[in-house]
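Read through the structure below, which is laid out as structure tokens, and then see the notes.
Naming follows writing order (A, B, C and D), and every chain is counted from residue 1.
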């Protein structure tokens, strides 16, 4: 198998996640839905720690939601209990009310899986899409530009 | 929004899943990784109940694994606590050691989400891909043909 | 080890749950938090199917919550992928706004684990305990009596 | 309600956990089985970071398991998305092959929930209890003594 190399762009938002007993299945590797849960946590942290928007407040206070509209994922190298994996978030596209995000899971310079996903911003009251607030859009665009590969 | 109609092909493997409290997030809708867990359960049941292969035995007894290689999903209509959703499995492609499966989540004739995924068959001992056993391949192919849309 | 026999009382609410791949950990047995998720699902179904109260409607419509106040559990026999386990719900105590429930997980007449738990009924608006509505109390009490061991 | 104060003993193993969107239910508070998953993670980290035993290696390498035998939990104050909760592990009892552990979840000096649990050490090959290795026992006993309240 040819391995995919991955080096996170300078300044990209990366968090390490220990692969736990509870993530793993009887085959000893991460049960795949847990990756999506990790990704959701990474997006939360990116909003809060990188963009400066408190994700909990956006949802519970401002009544916004960020449902997934589309998701695709290539699984390349499995991860085992005890591994520490790095997750890097990249912005691929900024729409009127949507964000196209890629999350790369890697370790030691090798890409283990890559997901591309589109989230929408909606009002939890009207259940309709709302335009990204301009400051949030600006913060996401600035992040996109400074981490473009 | 234009809704996508969906009618499961005659003879297609469909199971109903009640959307539970535990599936739902603070926005009151299914937290998306739970769908993938439901899909894995559906595939398990399809092997066991439709193809006649005991999925637990394949894994624990025969030491085969069925990791996901690729997955993509379009989320169209959210599901709420108390909904009962129908999941239908369709076979799209049969490779040497891989299966291309589509799972459609629908209710009342409307498609709510659709996932397309590729699983490989591997040996849990060698961690290498193994060819689908001929009887399993034949069973999957027969299913594919009788449920082709 | 001396095994504990268990025979569900006549008329007791019992549901079977297949132990899935996703329930099991790298040791090949059910990862214990999944039992509590199964128990929550059983309680949901008991309200809806046995007592005649739509659990989703109680929460989403009437804005009631049923948080756990206390829980204890003895784990006796592990369950493995492919097992089908039976869960039986028994009412042990009915308080002003609380229910004392036991859930026994068993198979083939052998008790595998037993949990005893207390849930409160609260208003999701005031976050305070509310008295069990009299018809709900009556239904729970009737169930308790007809399934008393 | 009278709140329970909690101050972790000096030197006690404490880790902070952010309460995430994915932990919370439609009532906006942590869905209780997630606490048990957090506890399992804390125990993992305690073995590895405090006692100096690589938990993944104990399980995958040495084929030991640490199933729960008994668990009880009092839920006192709910936690909401965006909260950061502290989890402190205390050793209450060391048996031949079992550990009695308490985990206190607290924030700002207030106890939110407390679990007491007994784990056994077993061989994953014989599925029988094995005595705690003396160095592990010693490390656990030293921890117990230096954090006794």
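For the reader, a short list of remarks on this structure follows.
In this section, a residue touches a chain if its C-beta (ideal position, glycine included) is under 8 Å from a C-beta of that chain, and two chains touch if they have at least 3 such contacts.
The structure presented is a predicted model; accordingly, all values stated were derived computationally and were not measured.
More contacting C-beta pairs link the chains of C-D than the other of the two pairs B-D and C-D. After Cα superposition, the angle needed to carry chain A onto chain B is 180 degrees, rounded to a multiple of 5. The centroid of the Cα atoms in chain C and the matching centroid in chain D are 24 Å apart.
The distance from the centre of chain B to the centre of chain D, with each centre set as the mean of the Cα atoms, comes to 36 Å. The multi-chain contact residues of chain C, meaning those touching 2 or more other chains, are 21-22, 26, 28, 31, 33, 37, 40, 59-60, 81. Against chain B, the residues of chain D that register as touching in their complex are 21-22, 24-26, 28, 31, 33, 81.
On chain B, the positions that touch chain C within their shared complex are 18, 20-22, 28, 37, 40-41, 44, 54-57, 59-60, 80-82.
Against chain B, in their complex, chain A makes its touches with residues 26-27, 29, 31-34, 36-37, 40, 59-60, 65, 67-75, 78, 124.
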